[in-house]
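Each chain carries a letter (A, B, C, D, E and F) given by its place in the written order, and its residues are counted from 1.
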Amino acid sequence: MRYLDEYRDPRLAAVLLERLRGVATRPWRLMEVCGGQTHTIVRQGIDELLPAGIRMIHGPGCPVCVTPLETLDRAMAIAARPGTLFTSFGDMLRVPGSHTDLLALRARGCDVRVVYSPMDAVELARRHPDRHVVFLAVGFETTAPANAMAVLRAAGLGLANFSLLVSHVLVPPAMTAVLDAPGCRVQAFLAAGHVCAVMGWTQYLPLVARYRVPVVVTGFEPLDLLEGILMAVTQLEQGRAEVENQYARAVRREGNTAAQEAVRRVFRVADQAWRGVGTIAGSGLVLAEEYAAFDAARRFDVGRLVVRERAECIAGAVLTGTKVPTDCGAYGTACTPRTPLGAPMVSSEGTCAAYYSAGRSAAPEDEGAVP
Amino acid sequence: MCLGIPGRVTTTDRDDGLLMGTVDFGGVRKRVCLEYLPDVRPGEYVIVHVGFAITMVDAAEAERTLRVLRAMGDAVAAELGERLP
Amino acid sequence: MNAADPTDGGCPVPGRERSRVLLGHGSGGRLSAELIGEVLLPALGAAAGDGPLEDAAVVTSAGPALALSTDAYVVSPLFFAGGDIGCLAVHGTVNDLAMRAAMPLALCLAYVIEEGFPIEDLRRVAASAGAAARAAGVPVVTGDTKVVGRGAADGLFVVSTGLGRRLDGAAPSAAGAAPGDAVLLSGTLGNHGITVLSTREGLGFEADLRSDTRPLHRLVEAMVTAGGDALHALRDPTRGGLASAVNEIAGASGVGIEIEETALPVPGPVRAACELLGLDVAHVANEGCLVAFVAPDRAERVLAAMRARPEGRDAVRIGTVRDREPGTVWLRTAVGSRRVLDMLVGEQLPRIC
Amino acid sequence: MNAADPTDGGCPVPGRERSRVLLGHGSGGRLSAELIGEVLLPALGAAAGDGPLEDAAVVTSAGPALALSTDAYVVSPLFFAGGDIGCLAVHGTVNDLAMRAAMPLALCLAYVIEEGFPIEDLRRVAASAGAAARAAGVPVVTGDTKVVGRGAADGLFVVSTGLGRRLDGAAPSAAGAAPGDAVLLSGTLGNHGITVLSTREGLGFEADLRSDTRPLHRLVEAMVTAGGDALHALRDPTRGGLASAVNEIAGASGVGIEIEETALPVPGPVRAACELLGLDVAHVANEGCLVAFVAPDRAERVLAAMRARPEGRDAVRIGTVRDREPGTVWLRTAVGSRRVLDMLVGEQLPRIC
Amino acid sequence: MRYLDEYRDPRLAAVLLERLRGVATRPWRLMEVCGGQTHTIVRQGIDELLPAGIRMIHGPGCPVCVTPLETLDRAMAIAARPGTLFTSFGDMLRVPGSHTDLLALRARGCDVRVVYSPMDAVELARRHPDRHVVFLAVGFETTAPANAMAVLRAAGLGLANFSLLVSHVLVPPAMTAVLDAPGCRVQAFLAAGHVCAVMGWTQYLPLVARYRVPVVVTGFEPLDLLEGILMAVTQLEQGRAEVENQYARAVRREGNTAAQEAVRRVFRVADQAWRGVGTIAGSGLVLAEEYAAFDAARRFDVGRLVVRERAECIAGAVLTGTKVPTDCGAYGTACTPRTPLGAPMVSSEGTCAAYYSAGRSAAPEDEGAVP
Amino acid sequence: MCLGIPGRVTTTDRDDGLLMGTVDFGGVRKRVCLEYLPDVRPGEYVIVHVGFAITMVDAAEAERTLRVLRAMGDAVAAELGERLP
């Protein structure tokens, strides 16, 4: 596939690694923000190829991981209502709520369906006027335009039987939270390439200025990540802290203004709870008052939710990079992808699941060599 | 998050007012919403996320990155005095 | 079952769903193994054997060694590019027999049909099964036909069972792989699974693909001729894909297996669909290829014999059996690192977001 | 299939429904025969044999003669007085093999499970199948497990397939009945069918009845010992009941058969339920008895051997094979008249009004 | 079973046949009115045991056979409406309408269910408040009280989602129509025992007086029928024409007055079409105005029905006894129980089906002996 | 039409106001509406049609019929000078 295969070339990867070995003189800790980047790193074993001192810390950029338990419990309560046709992206179906998950609800007779796009959910609402279609709208700035368009489309079609259960998160405030976390070990960021494709990269300028932390907008293929790492390490080694754009083939300074405009119309910025992390001011999106009719949380009174997080789970520390999954007592024993206790064990982008499926049994820092 | 895949726009159309198009991903074709890239033309590459084209692939930039990497490769090869694998 | 009260009387189930069958229990991955190992086999008690789970069981009776295999086909849609549920049911069972080096002697076909199913579609399926059986050179000796009420089945299910006779000279078994064995794959990956997935509601895409459904017994016959008892293990990577097939063999044989990611033959459209949906091609179902574990000294001969047959034209070596970390499958990644190649946990869900 | 527009676009089908499968196509009667004969067998073409439809197919291979049989079980409810779908699947296939004088060597079990099915029920079914297999002395050598989405199956279907080895000295076949043969019935009629029917929504009644599901291979073994090649034909009157079993044999053997209505052993509650619902007991399913066609000179010996076994305790002679009106079954009625005993046409519907 | 087995005693049957042979000196043609009686006669082969001249003509007493095609087509149109849960006695499901039948509609996705009692349909309406339950209320005077009670019950429970599609027929007017038919060959009637159990037997007095035709109220078991035949033949031989009651264990002079009262409350007598026969004045029941809300025909406008009877079918003549099924060109060829062209080939009480399943290939009068 | 079967009433009760009962038909029991035979008592036989008891079986009449038939049998036997089958 064009624009993918080229960026997986093992010879050029070797070049970048060689270069990195030449540049890195000291240990550095970098955070890749986006779960998609975590996925590539772990699936390709990129972190195991890095020079000994260069460590990747997996960031909070997995919407499956950070969607608040209360939202999940609400989703399940709504999905269990007769007449609901509940739709979601695939991986959300596995995330454990306080009591059950969406796949188990489907097995018990609820109509829960996977869609590829929020527009597919709108189409379902159109085709099933007798049902109420709810879409679990999670995601970062990349997904927000799609969800915004779904609302605009449903409004345009006059669909009264469509709504979103929104749990939208914003990346820059989360990066700030990571840096503010006690015990923060992150020295540079690989910023999420597709978030920047939508939002542009100027929004990281204040962060860079305030924390003096290098930010490299990075793509998702092995070469992108290696180059992003190289650029970040180079900044660190040179004592620079700038916003650089590794992913220039997809990311422009100003981002996608049409998409930003749609998001601004449909949503407004609000404080947002991050699962395991807590509430971060101004880090989320909620439906604007004008589109309140499409807010599933307002439409459906599900009574009082008894939210119950698993005590063993240290997902918050894992998400902010202060701990690794192998620090968790439940990791690999009580908590496995088959029986996840926390969200990071669910999505293959989740840090705990990524560790588990790569067969990691101890924290890499404890190991001398690649297994 | 944000799984985005590059593909080539083959056709564009309006579906009930919505700007849509077919994007080819090397033998797989999918209908995609093009509302956020209203100026896209067939033949151009876009990155698709959850059914939306969110950005265009800049062919020159893509080439430039690879050229730099290849040049690096040659530089490394020159440094080491041998061809890389 | 009646339409469920999803909360079963307001008392939600704490923790993970363990009391009901999930769709993922049928995915051919970890959950499937759990259901079979923890529920079905223990319940059978002494009526079940105690060997590894094989594609086909070998029956010892007076006379030649026989093999038996059964499979239920519940594919949706029933008709797809490259085949349909009828030929699939024939090929699947012929192939499971072949994985024990058995040539098919006789097939049985049982149909469960939903009331209201179009007779014309039934005729097409039956004709396709008949044509596949004739092409494979095996008679359909008996069958059964049941009709259930509207809504009690999804159109049509087909269950095929095959009786086979083992070839002399080879006794491949899931427990037979040995350190040093070459891991051979007879064809390209993912064609069937992605073809079927492309029709799924909510995922729909168009792909230049067709299912690879085809019989593999003649390929196996050629492999036995070339490799004899060097053919240690054979598996068709159907549900659960290559990952399940090699993990099952790693487990049953007590060996480690290393697969080369770059050696895996993946057609472009399969690759593209996996990228689009965030799937791992190693988890995608195939219906016309096999993985073979062959002693190293005969691996080249077997590979040559495979390539000499049309259904083995794309055969390649994809890995090696190791004597470390028994039960584990490692993938050497494209960039030269290593990671575990695990089985699918539950249902194959697109990782879109 | 999608929910249908019943009128398929406003264009009603003239005449009888011929384009879709009806529930009656699975009733084991005339409609079933029509579907198999006009759709399924012709579609198989040369892949199907051309003999009569038997309970089990005989497979000739090197070594002893083998028999193969497959059956899909779709009974609802899954658990009923006297059994469940698990033991039923084992008994049914053991019995079909026995109808060809074959003793079971190996069984396969395939499950199609609806998402959401209680694991505990699955465990019960599997345990019951296991217990039945052990009691019958046959191992379950292989199986398959598929899960389909909620609403795509009615809880659980089980498909069992059996491999059997024929006893020496007898080769019963549906085509083997000869004029003069005594028609023997091994047990009372209707127990299974009425037990299951008693749970049906809208018909619900309570009955002092249990299904007669049980294995008959040991009974057949005793009959072969007593009768040898005088055992011309055997049939278990399952779906479609006694009427289908004897009509099929009348057709396949090209003989007329006369049954004595007053000789039919019908338990009181079965009689009562048939009266209440206007059903003919000869159309009601059984799962633990057989009809045997035995040369007259050995009929008494065979009958005595049957009665010596618990499952043949109620064995009786119910009729005689005639050389007139081939293909026809006549019933000598209680008041001494005669009428045709025909197969069920379609679905078994209560004649209430 | 008590009160059944005794009346099937073959020795007593032989006694009655012997007696009949003693009494009958001439040929006589008797009609059993009720389909249940036809069923016994054919299933037991009773008519084939009768003395050569005594012929049974099967009457119109099979509601499956006489329900007008227009009612069936209406039933199917209603059953095909989304939201309908259509209920019926079992045999009605097979009856061919102009275009299809209820079993085929069910196969195409309509919710068509068999009930044992109309009360079961009421129960379904109670359990499925979101569906409209329609019961196809066919039958004679025996069934009318049950259908009346279903309406009273639904009214009592305040069920707005229950209705009857009524096609109720009355026996005495039908008997009159048989006697009035040109070419009538009926010389005596066996009246339908269960109709009389409800209605009593005095309603036949005018008929007997007017047509001078013996009427014997008769039961359903072999001995009942043989005794009824004996009583009727005795009357004929003696030149009498009276109402006699063979079925005294179940039939009282006045019938079941509670049942009659309920029928009078819920229904009113009206002209009624009989399939194949035509409209007979005052021969049916329709819902009384007070219960019009329970009338499915009024509730559901199904548009214009194009009713199409098969030209080959001589069911009318068969039902009135002027012809036998073997007189029909389609009998046993185009028309079989698998492919019925007319209603009498459907129900096992239907004359054509009864002939067919008994293996009759020619009219009995053409035959010398029992086959 | 009018399939009616004799059975013995075993219990009676009121279900939501409706007079119901259980009728035993020789090993098969069914709930039956007794509204049209309000005076029926357990132990008595009724004829049931589509879930309703429509009439009581008169035991004396039933016996009388059979007695007459048996007497006829004896008469016929006497006439013919032999026992009937």
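The working rule: a contact is a pair of C-beta atoms (placed from the backbone, for glycine too) under 8 Å apart; a residue touches a chain by one contact, two chains touch by 3 or more.
None of the values given here were measured: they were computed from a predicted structure.
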Message: What are the mutual neighbours of chain A and chain F in this structure?
response: D
- request: Walk from chain A over to chain E along touching chains and report the minimum step count.
  value: 2
- request: Write out the two chains that share the greatest number of C-beta pairs in contact.
  value: C-D
Where chain E and chain F are represented by their mean Cα positions, the distance between them in whole Å: 22
Message: Centroid from C-alpha atoms only, then distance chain C to chain E, rounded to Å. What do you get?
response: 58
Query: Approximately how many whole Å separate the CA-defined centres of chain B and chain E?
result: 76
Query: So how far apart, in whole Å, are chain C and chain F when each is placed at the average of its C-alpha atoms?
result: 63
Task: Could you list which residues of chain E touch at least two other chains?
output: 1, 4, 10, 14, 63, 89, 106-109, 116-117, 120, 139, 143, 349
- prompt: Hey, what residues on chain B touch two or more of the other chains?
  reply: 1-3, 5, 25-26, 50
- request: Provide the list of chain C residues touching at least two other chains, using ranges where the numbers run on.
  value: 4, 20-24, 115-116, 268, 271-272, 275, 278, 351-353
Statement: So the touching chain pairs work out to A-B, A-C, A-D, B-C, C-D, C-E, D-E, D-F, E-F
- line: Touching chain E in the complex, chain C uses residues 115-116, 150
- line: Listed in rising order, chain F residues that touch chain D in their complex are 1-3, 5, 25-30, 48, 50
Task: Using the touch rule from the top, collect the residues of chain E that touch chain C in their complex.
output: 106-109
- request: Give every residue of chain E touching chain F within the complex, in rising order.
  value: 1-4, 6-7, 10-12, 14-16, 18-19, 34-36, 61-63, 89, 116-120, 139-140, 142-143, 145-146, 149, 153, 156-157, 192-195, 197-198, 220, 223, 227, 246, 248-252, 256, 258-259, 262, 349
- request: Sort out for me which residues of chain C touch chain A in the complex.
  value: 3-8, 12-17, 20-24, 30-31, 34, 201-203, 262, 268, 271-272, 275, 277-278, 280, 328, 330, 333-340, 342, 345-347, 349-353
